[in-house]
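Two complexes, one shared chain (subunit A), two partners (subunit B, subunit C).
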Partner chain A sequence: MNVLKVPKHAIGIFILPALLLYICIVFVPILYSFYVGTLDWNGYGVSKFVGFDNYHKLLFDDPYFWPAVRRTFLYAAASMIEIPFCLMMAVLLNRYVRKANTLVSIYFTPVILSVVIIGQLWKTIYNPTSMGGMLNQALISVGLESWAHTWLAEPKIAIYCIYFVSLWQYFGYHLLIQFTGVQNIPSEIYEAAKIDGAEGFKADRYITFPMIVPIFKISLVLAFIGSLQSFDMVWVMTGGGPAHATDVLATYMYTQSFNSQEFGYGSALASLLVVLCLVFTVVINTVMNRIDKRFS
Partner chain B sequence: MDSKSKKALTIAVAGALTLSLAACGSNNNNNSGASADASAPASSPAGPASSNSGEKVTLTFQNIYVDPNTPTYKTAHQIVEAYEKEHPNIHIEFDSLNTDQQKQKLKVQANSKEIPDITMVNPAAQMKPFVDADLFVPLNDMLDQNGLKDTYQSGLLDYYSFDGNVYALPDGNNIEVVYYNKDLFAQAGISAPPATFEELLADVKALKDKGIIPMAIGEKDTWTGSFIFMNIVLRTYGPGFLSDVAAGKTTFEDPAFIEAVDRFQDLIQAGAFEEGATAVDADSGRNLFTTGKAAMYMLGSWETGSIDASSVGPSVAAFQFPTVNGKGDINQFMLAPGTGYAIAANSKHIQEAKDFLNYYCLNFPKAQFDNKNAVGLPQKVDGDMKAAGYSDLAISVMDLFGKVNGGDIAFDNTMNPAVAQAHLTSLQNLFVQKVDSAQVAKEHQTAYEANKDQ
Partner chain C sequence: MPNIAKGLVYLLIAVLVVTQLYPLIWLALYSLKTNEEILSGQFFALPAKWQWHNYVEAYTNGSYIKYLGNSVIITAVTLICVIVLSAMVAYAITRFKFRFGPAVMLVFLVGMMIPMQSTLLPLMKIFSPLELINTRWALILPYVAFQLPIAIFILSGFMRSIPTEMEESAHIDGANVYRIFRSIILPISIPPVMTVCILTFITIWNEYIMAATFISSDRLKTLPFGIYSFVSQYSVNYGDIGAYMVMGAAPVILIYFVLSSRITKGMVAGAVKG
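Coming up: the complex of A and B.
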């Protein structure tokens, strides 16, 4: 601090604007939704203070809440598991493909398309056989009739179909991030390693992986946060149905707040989502720091 | 920069930020002041004081007419254009959204008391919370102007009235009918529309054997299934089931309700609806029918116009929902009083909005008639439909209106939103698995008891 030769109060003053803004647009709304969570309120009419009733009902009496939590975190897990594959692909592209940029751009295309378009597209692919669904047609043409399903209308499999589309869409995004990371590793290092006899997988193990950890971390965090907030894809494809079987936290919150007009209940749900996010962000950070230490 | 001006600048910046923070805070107070009226912007509901002088006024008109090809869209725009010509100082700005989006947007706007000058709401239970929160202006005085009140069908405005005040004026009044494609029926060897539920099931089977989708539905939107189901309840119980439940005269575990769930499951299990119906939205559902892939389509008579305009139009006719187990009167219909125009209490131009809405509603029936959309009008209109070139389908649906001998309104117009949501979920579930009907009834009763005092 003293190096800067700036008085402490000046530092405080310069931090203050950003801090105030941050408190105003982040903390105040969060606290406010905690407060609304204690109300029995439809969003615009008369409200009634009910203490922790909403939270209690949510945690212990709501048959749809925990399944929605499970689906949300399963989705988060799936999108994080996808990242190593993106990295592998990036390494392969970097090593074996000349002018890989074109390919990477192609993989990236789904990301720039609107979720609504992607959702509608995959909805037609997933259509039941009687409505000409492409996936079922393909299965039937290779003799796998028994594998055909009404993909988005079967409570047990519908959510996985939606996961798949999301993973497909964001594959290119994470691939691009990893690819850029891999390209930024100086080639001299590989050349030096080659002289020492490390090539191929061995070089990856001792050079690429340790050096890409920071980039890898960014991808993981992005994937995690993105999937906790996931709403649009589910909303477009199934609307959370059939009978809440594909609800994730965000869609369930929306249904409760606006369709059932239980704004207080929806806010309680939102606050729990915040808590869950905080807890898991801490967990991820801890794990990441461990990995960081191991490789450095 | 010398230290003095540095200090001045810091103070200025800090001051500005404190102000913005204060603004934030007060906003929040507004929201949390949900106990409403205290923080509601001052506005005098009955204020004929504001003049019609040359002052420029912009009114926002939120509505659910998004598709320029539909007659109602044309009607709304024609009337607004004519009004703006007569009143050069008034500008009407359209805020058009599709039905579901408009519903959500209005709720968000209601939350912050920023309802557009003129908006649209659904009748009865769906608009009650808005009225309870004093968000709309009573329209009684405006209804008396130019004899507007007498143009409405008798009893219709009751769905929009609370404590003797009318808060919205409907854009339609519809009944639920079953549209069917005569060509597809003939292909399946069916000569006449079904008169009993058993015949309906037999027809479903005959159509299915020919590879035709018996009945199209967009069950992703959930209310579509409920609308069909409630027609079965109307047959097994008779009219007034939901109001009897609300009055404590019966419960959802009434045998008639359970019987209705059974019959509805029979229909689903017979394969009446397209595969994967829960992922099909309302528009795609309609498309299955209007492209000739499905033989039946059961919905409100408001669909008549768009079916007429589609390629299957000439071969479509409509029939009344049949009796169930010999019960019910086929002249009792599911009634669908339309979405109503309401004026926001927070509007700065209440008088201008009332004047405009009066003009709009007076001209509405004639303009709708001329735009070939006379089916399901809320108001009386003179005109010979045949001479005006209406289709046989439109005329036959109009004839069904003449047969109406009471009925019920939709579930979500009768019960509060939380109960309605539980009902819609419970019914959507029937589309993907067979459930014990007594269990369905119990789910309804539990949800009703948990939410009834709202």
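Coming up: the complex of A and C.
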């Protein structure tokens, strides 16, 4: 291929504006976080260099850190468990519904709304009966009064209520991705399989599933990485409360940094979050590629 | 397949339509009820009398137009910057031969994995002395930066597939690289640019935490932040809150109603290529 001969300055003009902005907004802050993470600093007064003390405290002396880690990974697990169900729905819609596109668009509606709206809406649904919460009203109206809860105010169940809303919102997203994948499998393959006697679930077993693996993988990676970074839903619905019972890594970092003014400690948490995201993105991609190879 | 199983499949599909849509419909009904109706437990019932004044109150008390305007301005400027900057980088990476090309791409790809929230605190510290806090730039700059990687990824994928003959003949005809970029590359890249627009629009329009962290003046709040403030301020008037949330959701829902197939296609392209 003949590549255009361009003057040197053109390269700079095309690349530098974006690159400089990107480095200043994304990389400089991360490096700054790594640095502030080694300080004892409230953000305004005198700062003191403390080395890895913040990290030590985080890993060994912080009663809220490990539960937040556990909740973050549970978030990821919950989001990933939803995806096989989305695939199943995609296959069923593709087979039994003529204009499935419209239905998929309907399922997709919650995805385009702001988490602020979704979170507030579900907060209202989870409200105690005295405040008109729909979930409790529904339970009472079918005679399950004993199942009524103050959902988001109860430390033991609040986080599961939040997981559920995330699954609810992103159901349409993963369904859409799987559905598009299923639709892109050429129909000739199914016709050929039909002649060979493979139809319905047998065709799924030998055609749909092997061919959808790359798309399925994409959904899993997106769900996993998205959950590691989960923040908004928790923040809008509970703010990490009651008493840190719904904190995930990102919300705990935010509370420490902005509400408790522990800038050094918050930065150490932020740095850890960045490292965790980078490491796990690489890990999950490697794992998925291994699985991919086994199937192809 | 036996009819019972088929029936079960349709039932499942129908149940999912209800679970995915009913909360939104419930919100619309909620916004038209009185406090007494909301508390009565008749959550399925239509309002006895449609309380349109909830909307009037939400509108007059909530600075809706102001927040909407801020969201429009910030999203529009972000969109333009993202498209121009990412198209330039994508073009340079796919067509210019220079030593650092792959390295530039790698820098953008690594950044894709960095969670936006972890930059909030350092950006706060960096923006304060530059007096950017409480200005629209405090949102636009990070919004553009964080949308660049996916945009570059999508656009460079497309540009790689454009045959080089057109550019070569334009070059022979005396057009320089800027002219080629403006008159050939940008016009034929409109389909992937639309995808980038959709992805950026949905993300930026709905963004909340950065707005809530960098903006404190009511004059500059974006819509998601405005909704959040309204809900926490008027927590006793349920109908008004519902009305405000419906109004907050309305712009995106309307756009989705008109462009749904475009939006779903763009989101899939973004997911699969990202």
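Going forward, the second predicted complex is superposed on the first by the 258 of 296 C-alpha atoms of A that agree within 3 Å, B and C clash if a C-alpha of one lies under 4 Å from a C-alpha of the other, contacts with A are read in each partner's own complex, and residues count from 1 in each chain.
The rule is short, and it goes like this: contacts are C-beta pairs under 8 Å (C-beta built on N, C-alpha and C of every residue); 3 or more make two chains touch, one makes a residue touch a chain.
Remember, predicted model here, so these are calculated numbers, not experimental data.
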Which of subunit B and subunit C A:Ser267 touches, first, second, both or neither: second
Touched partner set for A:Val46, first subunit B, second subunit C, both or neither: first
Contacts of A:Pro242 with subunit B and subunit C, given as first, second, both or neither: first
Touching partner for A:Val28 - first (subunit B), second (subunit C), both, neither: both
Partner chain(s) touched by A:Val36 [first = subunit B, second = subunit C, both, neither]: both
Which superposed partner A:Leu20 touches (first subunit B, second subunit C, both, neither): first
Contacts of A:Thr129 with subunit B and subunit C, given as first, second, both or neither: both
Which of subunit B and subunit C A:Phe258 touches, first, second, both or neither: both
Per-residue contact with subunit A, leading partner among subunit C and subunit B: C
Those residues of subunit A which subunit B touches in one complex and subunit C touches in the other: 13, 17, 21, 23-25, 28, 32, 36, 43, 129-131, 258, 263
Partner subunit B, residues of subunit A touching it in the complex: 13, 16-17, 20-21, 23-25, 28, 32, 35-36, 39-47, 123, 126-131, 150-155, 158, 237-239, 241-245, 255, 258-263
Sites on subunit C touched by subunit A in the complex: 1, 6, 9-10, 12-13, 16-17, 19-21, 23-24, 26-27, 30, 38-39, 41, 43, 85-86, 88-89, 91-93, 95-98, 104, 107-108, 110-111, 113-123, 125-126, 141-142, 144-146, 148, 152, 164, 167-168, 171, 177-178, 180-181, 202, 205-209, 213, 223-225, 227-228, 231, 238, 241-242, 245, 248-249, 252-253, 256, 260-261, 263-264, 267-268, 271-272, 274
Subunit A partner contacts - residues on subunit B that touch it in the complex: 10, 13-14, 17-18, 20-21, 24-25, 28, 31-32, 34-36, 104, 107-108, 110-111, 129-130, 132-133, 135, 213, 219-222, 274-279, 281, 416-418, 420-422, 425-426, 428-429, 431-433, 454
Touching residues (chain side subunit A, partner subunit C) in the complex: 1-4, 6-7, 10-11, 13-15, 17-19, 21-30, 32-33, 36, 43, 89, 92-93, 96-97, 101, 103-117, 120-122, 124-125, 129-132, 134, 137-138, 140-141, 168, 171-173, 176-177, 180, 200, 215, 218-219, 222, 225, 228-229, 231-232, 235-236, 250, 253-254, 257-258, 263, 266-267, 270-271, 273-274, 277-278, 281
